[in-house]
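One chain, chain A, links the two complexes that follow: it is found with chain B in the first and with chain C in the second.
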Partner chain A sequence: MKAKIADRDGALAWIFLMPSVVYILALVAVPFILAVGLAVSDVTAGDPSFNFVGGKNFEAAFSDPVFWRSLGNTFLFTSVSMVLIVILGKVVANILIADFKGKWFVRFLVLLPWTTPVTLGAISWLWLLDSIYSPIDWVLRQLGFLAPQGNGSNMYWLGEPGLAMLSVIAVHVWRLTPLAAVIMMAGLVAIPKDMDEAARIDGAGWWRRMFEVTIPMTLPVIAVAALFGAIFTFTDMAVVDVLTNGGPNNATQVLTSWAFFRGIDGGDIGQGAAVALFLFPLLMAAAIAILRAVRKLEVH
Partner chain B sequence: MAAKGSARPVMPRVALYLAAITVAFCSAAPFLWSVITAFKQNRDLYNPDNNPFLFNRPPTPDHIAYLFEKTAFGTYLWNTLWVGVLVVLITLVLGLPAAYALARLDRPWAGWFGIVIFLVYLVPPSLLFLSLSRIVVALGLQDSTWSLVVIYPTITIPVSIWLLIGFLKAVPRDIEEQAMVDGYSRLGAFWRAVVPLTFPGIVAVVVFAFTLTASEFIYALAFVSPSSEKVLSTGVPTELVRGDVFFWQSLQAATIIVALPLAFVFNLFLDRFIAGFTQGAVKG
Partner chain C sequence: MAIVEVAGLVKEFDSGKVRAIDSVDLATKEGEYLVLLGPSGCGKTTLLRTIAGLEQPTSGQVLINDTVVTHLPPRARQIAMVFQSYALYPHKTVLGNIVFPLRAARVNPQERQRKAEWAAGLLGIEHLLARKPRQLSGGERQRVALARALVRDPQVFLLDEPLSNLDAKLRASARDELKRFQQEVGTTTIYVTHDQVEAMGLGDRIAVFSQGKVRQIGPPTEVYDDPADTFVATFIGSPPMNLVPDGEKLVGFRPEHLLPATVLNGDAMRIELAVQRLEYLSGDRHLYGTATGIGEPTRVISRLPATVTEPVEPGQTYDFAVNRDKVRYFDAASGLRTTS
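Take a look at the complex of A and B:
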């Protein structure tokens, strides 16, 4: 009797899982294999016939300096954003979990950057960083840091390579910090109350409890937040597309936007796929490294 | 709240309020700027000598009227809405049973299966959009909003399963067993006893999945180009900019109109969402 129920449960488990598994296999696994196929083919938008060309697309991609520029930018944006997102997310999580008046409203405002569709948030920033009408420039002019008019009266946030990079990173951090904060709040809520209480009774101050109880206890969740932050920055092209379109002069071009530019806009689907596929081993390596770290932390 | 009082005695109240206000301001500042901009007259907006934070001429609702009357914004709003609703439905119909199977049916492989599904969520659109656009063409869905209805569940199903596992594990097993003793089949117990108890969690997942679909950009950009078929995330930035002419006030109004309700609804379910995340993360 007991074994029979287990059998039935086993069948039921498969019936329940099958639709999702089939859906994911059909629309994630198949396109992934197809992407590998496209990367070694000469398919273009004009000539969709499939011919095997081996590593030609990769060679072509690698010989283009813009590819290496995009790769470097992708790493720069991801690493800097990730560090800032984790630190700020932690700070925001600790604030939002405390008790204070008006917390509901503060949470609402903090959620805004993340729940707003990313292109719309980026449009807000595009106007905030406008080359002529930026209110930041106006304040800087009033404070005397910029000339009142004519030459040198604007920063050109999105026109200068260094500032454009800074702007793109700022928008990524602004947009993803709330998500990291929410994930870390989940970790903070899960800390057993008595641990914190015990440390407090032992006379540990706020900072000491933060670094000796809270942070070590929530490290796995912090790692998950870092993983989310890294992947969302690493694979995003919406912010770059809206703010700078990869410019000035490819200074903010990233791999995803470059793959899109070559594959969809330029019609060279084979080469676009090769650039996009280049992301994958890097992503997998990062994901596995972080998940392993999480597991290690959970064991201890 | 869980951390009630934990910070209070040590961290002075003033510092806490200052920190909260700073964080809220940094998050909302671009939107505040959008709100001011949306109501400005052109002659006020395009004068670099004017104080940009004040209304140097009386505010006007004209640009918001323009947004609804003269642009396809209404269409984008509607498209995003119905795509989101259908995607959420598909996600729940497929994801809820899958999550139940992994959370409750005691398969030995449930643990690693859950992790594999979560890893699928990490496969980014940027990797798949080129080959998926071939599949979309093969399905005859190119340049149709329906292509997004078919493709978006690949993003929402994995992450929803992961969150739902958390909520389902929180339901006491006794309740299900009692329902089965009362004569329900396993399926009946799932539907009549477990789903109602998980309802708040399901709503949190609905909100999360909807937010993800509304935000998606790469697929929407790659699959759909006719203006009438676009969604908010692609329609607003492409169609409200004519060459070099930006309809700034209308653009900012569009941002605000979309941003406020989404954040409001998400905030209602924030605590639920946090709870689900913890349960899903602690695999027990």
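Take a look at the complex of A and C:
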């Protein structure tokens, strides 16, 4: 009997690896190299011929105050969202593992924001935050926090710089909390039941058990959830694009949306690529941090 | 030191479908080492957890020193428990583990340090205080778990199969250590195990459990020599007690009492033993054969100590006998002890 292809380990390894190799090359490596190339070129939507211009695109980007504003906004959005995502995710994770009647329905509701496509979710928030017909404003009016009509009867959630920022953060948190919750739930479930029981016998109350046993033991998982939350906020532009388009007056402009407006809407592809490339070192640091946290998980 | 008592305790799971504890009444004596012994799934661990307050009984009461604690949380019960896995906090050092109950009780730092050093000294683990649990051997982990239990001056120690995670060699020395430790501190201890050797070796008294009920409670010699029913008779002893059906009763005798007729004197019960197989175990000979002459022919085991040198060959039939004062009778229907 002849050896079949299924018997040849070397060939099999290549066959199985090929789809992911192709995927990584075509959809990660090529676009990345393209971005680097475009960032040092004068390619525009109107003139796609390639001319090397060195660091000119970076100079132009850095001299634009909107770039710095976007960078600051990106960090603000990401850090505030990350903190809120982790705290709320932890709370929701505790709800997810709790045993009570109708828990499947609560789980379903909790996971809904994550399963909804980003754009759809963002569009429904756009309606909820509408400048005139916002249901949130209506509720506030009914509760007496807003004037019943005329001046001061609307919040203009997406029209005021501070409120716009708050709204974008809130939507990010709403969208990513379920993901963080599921990741942390997996960590919580993995803690041996003995640990909590031993702590109860040792006389520890709920808060002490939470902060001295549960949280330290799930720290690597919490780190993973935090980093995923950060990366997804950091790289997302759909929420900003749908809700505010970067406005009002660039108050919610972030690096991703700025790169898009410059490169695609504005047609200056070289400068768009330069701005986008700026995300790379930051994302790489985050990726290394994730891998380290995962490594720590494996060691335990 | 305290007396732990459970009265009419019932614990049901799955809304009454499973009865893990079936109306148990039990009381320890002061400073006693009480062992709960039974096969897995007999309810002994559930009973221990109910005493600890980790489970709420379906009905019945738990009392510690005549105070009803049934509805108090574990931390209000002044108990310490050592888990099967030891449940040491992996992110804390040994010292951090030992002082954890003291911090929870808001003991001041000097007192904490003093107590932790005292407990560590008693268990001989002073040199390990800075290590993390994963750097310790199984025996060292057990000692840390005991130290953590000890620092709170508990009224009662609850131990849930603390030796089952150790390898066989370590188990014997760890058992010895446990016993010495308890004698030193003198605290009432309830110890759960499925291992009869541990139970016989450690217990002042043994409570034998089966299907959520206490079958017998008494000192090791009593449960071994005078089992209350056929379950206790066959669960304790290795090999177990021989039971030969004879009409409405069962004739019971331990393998070590079934001996060649020539070595016995006094009033003995004659048995014909057709030997089928022989095992030579740590100096003793275990004979597997069929007994006739007392009720129905039945497979029995005889254990000949090294001091009995009578030659025995498989395939032969011999005259064996059991001293009458070693014979126990049980009711065939209920399994309970009867008189002759």
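We take it that the second predicted complex is superposed on the first by the 273 of 300 C-alpha atoms of A that agree within 3 Å, B and C clash if a C-alpha of one lies under 4 Å from a C-alpha of the other, contacts with A are read in each partner's own complex, and residues count from 1 in each chain.
Just so we're on the same page, a residue touches a chain if its C-beta (ideal position, glycine included) is under 8 Å from a C-beta of that chain, and two chains touch if they have at least 3 such contacts.
Every value quoted in this text rests on a predicted model; they were computed, and no experiment measured them.
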Touched partner set for A:Pro192, first chain B, second chain C, both or neither: second
Touching partner for A:Pro216 - first (chain B), second (chain C), both, neither: second
Partner chain in contact with A:Ala147 - chain B first, chain C second, else both or neither: neither
Which superposed partner A:Leu128 touches (first chain B, second chain C, both, neither): first
Per-residue contact with chain A, leading partner among chain C and chain B: B
Touching partner for A:Gly205 - first (chain B), second (chain C), both, neither: both
First (chain B), second (chain C), both or neither touched by A:Ala285: neither
Common ground on chain A, meaning residues reached by chain C in one complex and by chain B in the other: 205
Sites on chain C touched by chain A in the complex: 52-54, 73-75, 79-81, 83-85, 87, 89-91, 100-101, 103-105, 148, 152
For the chain A and chain C complex, residues of the former touching the latter: 192, 194-195, 197-205, 208, 212-213, 216-217, 219, 300
In the complex with chain B, residue positions of chain A that touch it: 6, 8-10, 12-17, 19-21, 23-24, 27-28, 30-32, 34-35, 37-38, 91-92, 94-100, 102-113, 115-125, 127-128, 132-133, 135, 138, 149, 153, 174, 177-178, 182-183, 185-190, 193, 196, 205-206, 220-221, 224, 227, 231, 234-238, 241-242, 255-256, 259-260, 263-264, 269, 272-273, 276-277, 279-280, 283, 287, 291
Touch list for chain B against partner chain A, complex: 1-8, 10-11, 13, 16-17, 19-21, 23-31, 33-34, 37, 45-46, 48, 51-53, 93-95, 97-98, 100-102, 105-107, 110, 113, 115, 117, 119-120, 122-135, 150-151, 153-154, 157-158, 161, 186-187, 211, 214-215, 217-218, 221-222, 232-234, 236-237, 246, 248, 251-252, 254-255, 258-260, 262-264, 266-267, 270, 273-275, 277-278, 281-282
